[in-house]
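As written, the chains take the letters A, B, C, D, E and F, and residue 1 is the first residue of each chain.
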């Protein structure tokens, strides 16, 4: 299958390798074969193994990577994640880029899993946002799915979300929704950002299909849900934390979007060891 | 000047915009002009303003961005960082990508500044590592400089660093350094990773110019410094935190490398408001 | 604004110009300036003027193109469409590629307009399909809009359409829709291709939002509309011609998709004359 | 062999697939294998099978395509053109792009064949023009050969053709040819567009090797042939149709160029069916 | 005009600059403006000034280059070739690549001029070959023209040259020419490589338009010319030197192709001095 | 392993092949297989065999190349360098580009070998410069190594060399070195260009690690060596020829850089013969 990640992997390898790995080429003989393993140094939900495969394939197609766990598996410190066999030069040269992807994506999957577990038993879903790391949009959205979350739109072209600034320019929710309905593809629903209960009313009346309830106090949020539940899909957003996410879910919203699962997930600690 | 960041900016715009911003194109009239400002929503060291300029230049060269502060300035919540004027469509379409860069780089610069301030008055420097976010190597290294840190090598081709796995394959520090000296450019110094005091001794004897003292207990680190100071440049690395960085610096090492200033810096919260 | 067409224009220029226009460079002096105009040689709805501007901009940014009409205007044989002024070499070298775009897109817009006029007064819309000329997807969809039609999804990633082959693999409409509902973004509607009235029933029951009524006899189509109107959006498709499109529209379907407006629109005849 | 078409195929896949085929990925299980066949839905000269092979190779190299006929074969409605076996996801995802190429190229080959058959027994050849679909120049010229026609120059760099506008700028046929002879490669012949018998005389005298007899009445064309036959190669052009092409051929011209075989060939109807 | 050289210039800058000019960025302040001049350090025919303009434009569009001489002018040691004004960083960073192009192309133009002058007064022309430096084909062919030579075909696609190995595979000159005539575009002449007088006879009889008389002794060459002059264009090739080129020309051949004017021209010595 | 040369090879093939090899495609049947060999036509140090392998791989992966010698081997006129087997079309189409690389790189390796042999027994090394052919930097530096030389920095980003113009702008050697020390990576040494003995003194005092002794008379050079030997690495540069290189080496310098081994090496004569 066409690998949608090959371009960012190529860029990451280029920025690290440049004209060549002078240390490895100076110290490691050309024909040297080796075995290595990738070890978790802290607990995590693993994510990014297919990316690592592609990283090493680009460096040298003779490197064989044998995953010991699968994306989505939880591991503990010291667990082996994958084994590698092949040219020692290629493994050393590709190591850092491979780990850089794995540590970022495992971070995203791990924190997503934490949010998902906090709301277990409710009807709400954790969804991501467009607050992703530049260049890693597709990969981080994949990591969100691996962590048990769902994806919001991929970009500006595959979903309609009328936000505060759009409403301001259009002169109001009603007008903004009206304009959008005239041109939107019949395959797209229209979502509207609402900051007040009045806007919730107005958006429903204008024909919005999904409401983004932004930064509302819990009490207000509950009123919005009571007002709109069943008529629109409801998405809560803004200042969602592991502490408050369950309360938000229990209001009855359908979706809870969390920016920090992609933009501030932190890295997980991993290491590549030669045998 | 050739913009070394234009490629990753182009990629970030492509992954967000795809075939076009359907909401903005549906709601905002083509000729609409607007003014907006970018506001800090938490305290931070700002970093990434030239990147934002390039983001908007690529979206629509008619957007004018007027920075109110400069990269490296500290701001408080509510402070205006920049003002924008131009086509409303372009500002809305470029907003998220611009903020995604700014929030990441300001995160890097801010945490770097914290580390730098912790060791103020010592002779040590905070340096980065190759544990950067894929695709953002150059930008994050720039943010480290803005935060007051120094840069380690950019990649595998502009510096020699003989690591544990290289030493294992070569069969020892002495042999690894010997091989490297035979081929290294006369413009490059040779750095060797040492995990024990024996390795420190061996590396110095083999002719290493820089020693990476990796994951040493403070006491061991001090001994290593006492042994090698003045003969080699000394870099401490591994598990450096804001809590222990000053103690590390006070051992007398020249450089302290910290992976988390790039891979786990977190994002800073920013917002774009229409006037 | 980023020009989404610049890549295909660059490719079209490269395939025509290659290493250079040997005739023009041999016959026309370097500094020669000239004026020219583009003339319609048959009646048409003009489409593609911004593309021509970009073609000449890429050949030589000193060429000035002054449109006399606008995209969407109808012209008669002999009417001037645009005037050009600038380096004679650039105008001659870019002429054919510019006309090749204009003749194709005006063909698409013209035939779309014919379909749209045929159904004037009904509630139906003419929409395009993915049966476009490779490389020209975005441009031809633009031409459809210029001709008065609406756009179906741009590609496989911004809309859900469960077709006959998907249904066969899933083992039925109900199962296919069920699978899709589990993973589809909350911003996308689900469209299902139906070839029989039983499938129409099943799709509605399964929760489809849009039905593609494919290749149905007029009588069957009318029954499908009577069954589903108001509960789902209804799209008629298959063997739509200028002869039968009005009858199809009068059944009450919301959308009528026509492949031939993009894949077999034919070219409109145009000419570039020097003054 | 380097595939000269891989770039336009890549572009066509990108514009259709974008970030991924959401329907197929939602409905079809990852490991599902399938068989399918491509069926002609009308009579045609098939063209584009190697292109389809490359389309599916780019989507997923595990798809096997087994042609049942060869490019250039005539088929009837219902005939199988090729069989496919492989991952169901890949076949569904690549289907539309593959068919879009095949329907366009079979259209070109089919109409070319019609023109070629009309002039069977004469000494004339059907040749194409530069009035091709942007991005498809090389492919459509291949389809012309498959249909039995010959190719005019590929672009502006591999043949000299002095046209009306060049002559106007040079100040006449004689001067234009003279300038061209001074710089033209010794491997290129010089062709001159002539609209009158006087120009035919002048071009021959100036040393043109090929004459493009443009838009001449049949009678005038015959006179031009009588005048120049044997001294120059003669190409007829302008308003050539299936109705008049034989008469044109019988004047004794060597080449007849027809724009509509590439720019207005129409598409042939094809379908991909799962078994 | 589209700059056909911008790609190789971009590549040359990338391979030299990589991640940035560390020396210049370290030593030269950001805003520093300067003036510089490019000086010939030996006699030469200058070639490459438009390339230098493009080099500096890509580095920093604020650099102004004011040529003092023009491509094709002869200069003496110490002569100023161009003056530069602009950001000191950009001039220092672009200097080496700019000079690398200029020294190569001036080398080609200078040696071509020498060959051309040697045959002054004869009817022969000096032409180049495909033995060019990889990546510099178009630029070196331009330098040949600047030096007073003519260009042979640009590549394998804009001229027909049947060489020894083609003839061997076809089974003889006659068969090779016959095959070629069946498929060659009517705008291309057919050239045949001949190593013996028998092949000259056979090629003429087969209908070749140009003969490449390869590596013939002067006496044989004269016989070939006597045999074929006026019926075919005649090109002499193989071991042509400044010593023997005039004798070759005086045999009456039309073209003399010389590989060494591109592959072994040597560099001309140039220097960039700050004022 | 990622092939760092594949890009320039692709460019070289594109500029030669363009839209296709019309002669070969016209004369040589599609399925024809052949054998060929590459023969040295003069004595040389062979360099570039892996490049040829990649050239033919890009043209047609079915071509098998079996080297008879290895890069770095010396050969005599008539010696076979490699044997080829595969599709005749591919071998003929790739021949010229493959030879163009081989002749250039063998030229570089051969002249480098001559310089290296001249200084055999001294402690000096021959190193290259940045005066390489645009696009061939990496390949020519490889050829220098094959010829027995060492490489100076690859580009402006992996080494510090403060040259005359930098010194002028900084206002002196001391200031330039001071600025550089403040920002240079701890992994890079600082080299300073010195034209006088005073500059040698000043550079040493400022803390330079390597001195480039530029264009000094032998006597001055000797004094510089006497002054600085053991404290700095010493590189001689400027007007080095096969005649004077040994005298330069005997002064005791560590490195001798020679521009002409890359910019004016000339080509070696090679031929591809069919069996």
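By our rule, a contact is a pair of C-beta atoms (placed from the backbone, for glycine too) under 8 Å apart; a residue touches a chain by one contact, two chains touch by 3 or more.
None of these values were measured; they are calculated from a predicted model.
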item	value
Chains touching both chain C and chain E	A, B, D, F
Both-way neighbours, i.e. chains that touch chain B and touch chain A	C, D, E, F
Over-half contact-pair match to C-E, picked out of the listed pairs C-D, B-C or A-B	B-C
Approximate Å spacing (C-alpha centroids) for the pair chain A, chain C	34
Rounded Å distance between chain C and chain F, as computed from the means of their C-alpha atoms	53
Whole-Å gap between the CA centroids of chain E and chain F	22
Where chain F touches two or more other chains, by residue	17-20, 138, 154-155, 157-161, 185, 188
Touching residues on chain D, where the partner in the complex is chain C	7-9, 11-12, 15-28, 32, 34, 36, 88, 92-93, 95-97, 99-101, 103-104, 107, 130-138, 154-163, 165-166, 168-170, 176, 179-180, 182-185, 188, 259-260, 263-264, 266-267, 272-274
Chain D-touching residues of chain E, taken from the complex the two chains share	127, 150-154, 157-161, 185-189, 191, 210, 233, 235, 254-255
Partner chain F, residues of chain D touching it in the complex	1-2, 4, 138, 154-155, 158
Chain D contact footprint on chain B (complex, rising order)	18-19
Residues of chain C defined as touching chain E within the complex	13, 17-20, 58-60, 87, 89-90
